[in-house]
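Naming follows writing order (A, B and C), and every chain is counted from residue 1.
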Amino acid sequence: MPVDAVLTTRDPEVDRPPGRPAPRSGNRTKRTKWRPVKDQSKFEAQLDPGFAAEIAAEVEGGERLHQCIQCGTCSSVCPLSAYMDLTPRRLIAMTRAGARDDVVHSMTPWVCASCYACTVECPKQIPITEIMHALRRISLREITYPKRFTTPVMTKAFVDMIQDRGRSTESWISMKLYLRTNPALLVKNAAIAGRLFRQGRLGVRRARINGRDELRALLKAVSA
Amino acid sequence: MPEGGLNPKAVSTDGGPRIGVYVCHCGLNIAGKVDVKAVVEFAASLPHVTVARDYKFMCSDPGQELIQQDLRDGLVNRVVVASCSPLMHEATFRRATAAGGESPSHVQMASIREHVSWVTADGDDATEKAKALVAGAVRRVALHEVLEPRQSPVRPDVMVVGGGIAGIHAALTLADAGKHVYLVERETTIGGHMAKFDKTFPTLDCAACILTPKMSAVRTHPNITLWTYSDVVSVEGYAGDFRVRVRHRPRYVREDLCTGCLACIDACVHKQGKFEDEWNEGLSKRKPIYIPFPQATPPVVVVDREACIWFKTGKCPRTCVDACERDAFDFEQTETFDEVEVGAIILATGYRTFDASRMPEYGYGLYPNVYTSLEVERLLNAAGPTNGEIVLRDGSRPRTVGIIHCVGSRDAKHNLWCSKVCCMYSLKLAHMVKERIGAEVYNFYIDMRTPGKGYEEFYDKVLREGVHMVRGRVAGVTDEAASPEEEGHLVIRAEDTLIGSVRRIPVDMVILAVGIEPQPDAQEVRRLFNVSCGSEGFFTERHPKLAPVSTFTDGIFLAGACQGPKDIPDSVAQAGAAAAEALAMIDRGHVTLESSTAFIDDAACSGCKTCVGLCPFGAIAFDEDRKKAAVNEVVCKGCGICVGACPSGAAQQHLFTDAQILSEIEGVLEYV
Amino acid sequence: MTTITYTYYPGCSAEGVGRAFTESLYAVFEHLGTGLRELEDWNCCGATAWPSVDQSQAYALSARNLALAEERAPGADPADVVASCTGCYRALLKAQEALGASTPTSDRLRNALAAIGLDFQGRARVRHPVDILLNEIGLDRIREAVVRPLQGVRVASYYGCQLVRPFATFDDPRNPTSMDRLVAAVGAEPVDWPLKARCCGGSCYCGGPVIGAMPEATMQLSYALLREASKRGADVVVTICPLCEFNLEGFQGRMARRFGHPLDMPTGFLTQLMGIAMGIDETRLGLHRLLRWRLPEAAESGPATAGGRPRREPAAVGASTHPEGGGDA
């Protein structure tokens, strides 16, 4: 899975995988290949000065992002920041700087697990998790989410199913997802599915509610 | 406007009110919003207004001169100044009016800055509102009566509350100037937090070396009465004449006899210390009879009633009493009280440190090797629980130490403010730890704040010494080991924001740089002394820049961290300033009292006596023969409580009579 | 004892991976004289997926459930909605908060509800079973109901994320203790561990390493939890989140291979553990749906040996020893 390979870095939370030596300094025997560094300079014309305000308006209490002191608490309580291309702190800083393009293309909001640790711990009480959701909305709207990354695909599959039936059925969601992302997984995980089925934990009957029309009317009314 | 709106009795003897209206631009503060010329034009059209002028800065000398010249020329005999709030400049314009030969009570201010230009979005709205306020002020000033300024003598003695470095410095300054000082300290010794420290930043002076001479000077100074283990229970009176009641708690040892030989402590039936030693932040044990530290001032032991076997059971051989050559023990001691009269009071009640257990993520109280900075100060102190050795609770030496800045500070969940001293003391602790035991030290900071003489240089020195600096707020301290190197250590987790990665750093000892908070009883103290405080509890100075040691209560001054987080140099400077303000008041010999005293309209008084009991100054007497209340205007402070409380409207106050207030309202409404 | 019946919102996982949770919840509540009535025709809460598409619609989904609950609650019972899945619990709480505020969002939601003939007055409060057990039923009644105290069983309670975050309605978000108190009430020994509310990496990816976006991340986070629980001497990890349970239970074999450490930590739901202590039939508790559930012997033989309890070989309890134990994929 290429995406996974890109994202996987050494997680400081757990043991180094077996066989991987401790990082050490010293003489290398092999010359490492020179890699060009991405141009990090930002011209004011490339930045969107209204971006922070746009995000702030999307979220209840979002205006507090202007008060961020860049302390990094969010990044360090985040269980997944090691897998993010921008730590939550940097994402806030870049939002504030108006680096719209980098922010909406970032994987960070899609890596976020919505565990709310950052929201609870932020000393400035910035609703960071909700800001992540707002950034996901923009990235879905503008189709800037990472390709072949399952979370946005699943999000859409999930929403479609509920719009249609009012409830989701895990087995069907998974099926859809495999088909859309990596059908090979269907075979790989067949054993798990079989086990769950025998344990009675794999609902195969597609659930749906009676008030489907009512639900669609409600969703339409609230978006009107 | 009809003539009948004026009270004929209040009109000056020379015919009628001739009102001058002076509109201030206050630079662009007012003129940037309010059309000053339009206000002047409007004012000139009002009845009795003989002069209307505007000026860039009315409070400046030329501005005041405008008013004085018109008064001298006889053009006006009443003054309306439309400018800032009376709190800012009423005294200025009253002085100017008096200098022009008119009664200072013939001044009224219209606050068109605080109430208009600063708070109104639209310029036209602001101009209209300014006109209305001027109209009200004009109507009102026409009714102002002539009141003589009153003065009251100032007592020469001063009370200083709190015996930390600020209180000590203020007391010594006043005493050296020949004033008698009562220094009241709640603890058994003076010295405060500073006496607990080992070294002080940025010069690394030994705290004891510079503090104990001052403590001893307090004790021996002929002009200082030192009351430790004592607190203020009531304050009455006003600037120049306060009556303060002080309670002395029993030590069960006579202060006049005890010499601090400490023989009793050795003789105590407890062979070992058994009770938490508060002075050492609980890092050591003391006996029921103890002295906080060797240089405690006064050097008098104290018996802990809760711990002493004699008090608990009544059965103890009292070996301590036998050991005392001076016969200083008195187990029958009870609370005693003193009442003193002073002219001024200086509050130097200090601060407390943030309770680190309020942030469970840092593991204080959970992991034994997480310490507060104050505990580490005690560890570093040669007179502390480990005689200056930096050792962990198991006696071992830490090889790596993490210092976490901003604990409880800059945090909306705890305290929003920066505690100001923590960056510097954390650097100091880093230096001390490195110097004493050569440990690897990591400082975790959000922003490094080192403004102050020699402070940035100190930071530079610590950097040169190889202390690791990680810019990031620590999210948590855990004993969860995620790799073999972390096994058996505490792990500090923080984003190193400068490299953009989360780091996990295993350490042996964690030091929490706890912030500065108001004392837990700041609210009670505030009410006791009738001073105000912010929502967080620090006492409020009269003006943040220009009256930093005064309060809104005349005669009460502030020094030290009770007013806000402060380091030692700032506390001492402020204590000196507070002492100087108190001296200025005492040496002037008198205070000018508000002339707007209360009076009773005999005809309306029903004799209900409501006002008599309410008057905080005892200024209202009741004439039993006539069944009427009467105000002693010499004692009255013009607080207005009786006016508000009087059910029959008989209690009135000069410059706040119903007629004056109503005509001001009419003036405003009529324009609107 | 008067019987109170709460409206129950099972959530979509109750039909799937969370089935044992729902079963044991019904059984334990019934045993404690408290009824659960499933909310008729409830719809999905929207989870965290819907807010990623449309926040107002996400609120509306939960608003319908809340309004239905209020409308259909008989007068005698509290209108409170008990949501067992922590994802649903958070989504419903969030909607409750949005509806309660006087904001344009709230007006919009109320108008939308009105458009389908519903109304929400705020009587239905969102509750979690742990909250009900602790604060309504109470520890005393739970202690009385215990027939087989789980003495000597060391239990690591795993709270997951959204039970205490962002809404800490009945517990501390950093160091929650409510589950531990319930564990202690049934005679077991709570294990204090620092990761009890740290994300397992699974819930957000609905299915953990199976279909998740980042199998590696999920494995690492879950592994860290299980390893820490086992280091602290836990015999069993119990949770109250269907997805956490599945995630922690189902991939231990893979984790063992990936990280090179043997791993066999029994995991299950808090209510199953409580039900065992109350002597409830194991089939009703859904124990047969678990993969590696077992309790140490001491649970059956009475008090543990005093002092430092030696690690025993755990013995199987109930019909839960699944033939495929540990044989995930």
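As a working rule, a contact is a pair of C-beta atoms (placed from the backbone, for glycine too) under 8 Å apart; a residue touches a chain by one contact, two chains touch by 3 or more.
Since we're looking at a predicted model, the values are computed, not measured.
Undergrad: Please find which chain has its CA centre nearest to the centre of all protein CA atoms in view.
TA: Central chain is B.
Undergrad: Which two chains meet at the most C-beta pairs?
TA: After tallying contacts for each pair, the winner is A-C.
Undergrad: Could you grab the centroid distance between chain A and chain B? Build each centroid from C-alpha atoms only and quote it in angstrom.
TA: So the centre of chain A lies 50 Å away from the centre of chain B.
Undergrad: I'd like to verify one number: the distance from the centre of chain A to the centre of chain C, where each centre is the average of its C-alpha atoms, in whole angstrom.
TA: Centre-to-centre distance between chain A and chain C: 24 Å.
Undergrad: Using Cα averages as centroids, what's the distance between chain B and chain C in whole Å?
TA: Centre-to-centre distance between chain B and chain C: 51 Å.
Undergrad: For chain A, give me the residues that contact two or more of the other chains.
TA: 13-15, 82
Undergrad: Which residue numbers or ranges of chain C touch two or more of the other chains?
TA: Only 174, 224 qualify.
Undergrad: In chain B, which residues are in touch with two or more of the other chains?
TA: Chain B, residues with two or more chain partners: 361, 482.
Undergrad: Which part of chain A faces chain C closely enough to touch in the complex?
TA: Counting only chain A, the residues touching chain C are 1, 3-4, 7-8, 11, 13-15, 17-18, 58, 60, 79-80, 82-83, 110-117, 119-120, 127, 129-130, 133-134, 136-137, 140, 149-152, 154-156, 158-159, 162, 166-171, 173-174, 177-178, 185, 188-189, 191-192, 195-196, 199-203, 205, 207, 209-211, 214-215, 217-219, 221-224.
Undergrad: In the complex, go through chain B and note every residue touching chain A.
TA: Per the stated touch rule, the residues are 361, 410-413, 446-447, 471-476, 482-484, 493-497, 500-504.
Undergrad: Flag every residue of chain C that touches chain A in the complex, lowest number first.
TA: It comes out as residues 12-13, 15-17, 19-20, 41-44, 46-57, 59-61, 63-64, 90, 98, 101, 103, 105, 108-109, 111-113, 115-116, 161-162, 165-166, 168, 173-174, 198-199, 201, 203-207, 210-217, 220-221, 223-224, 227, 246, 250, 258-260, 288-291, 322, 324, 327-329.
Undergrad: Provide the residue numbers of chain C that touch chain B in the complex, in ascending order.
TA: 172, 174-175, 193-195, 224, 228
Undergrad: Could you list, by residue number, the parts of chain A that touch chain B in their complex?
TA: Residues 12-16, 69-78, 81-82, 87, 89-90, 121, 123-125.
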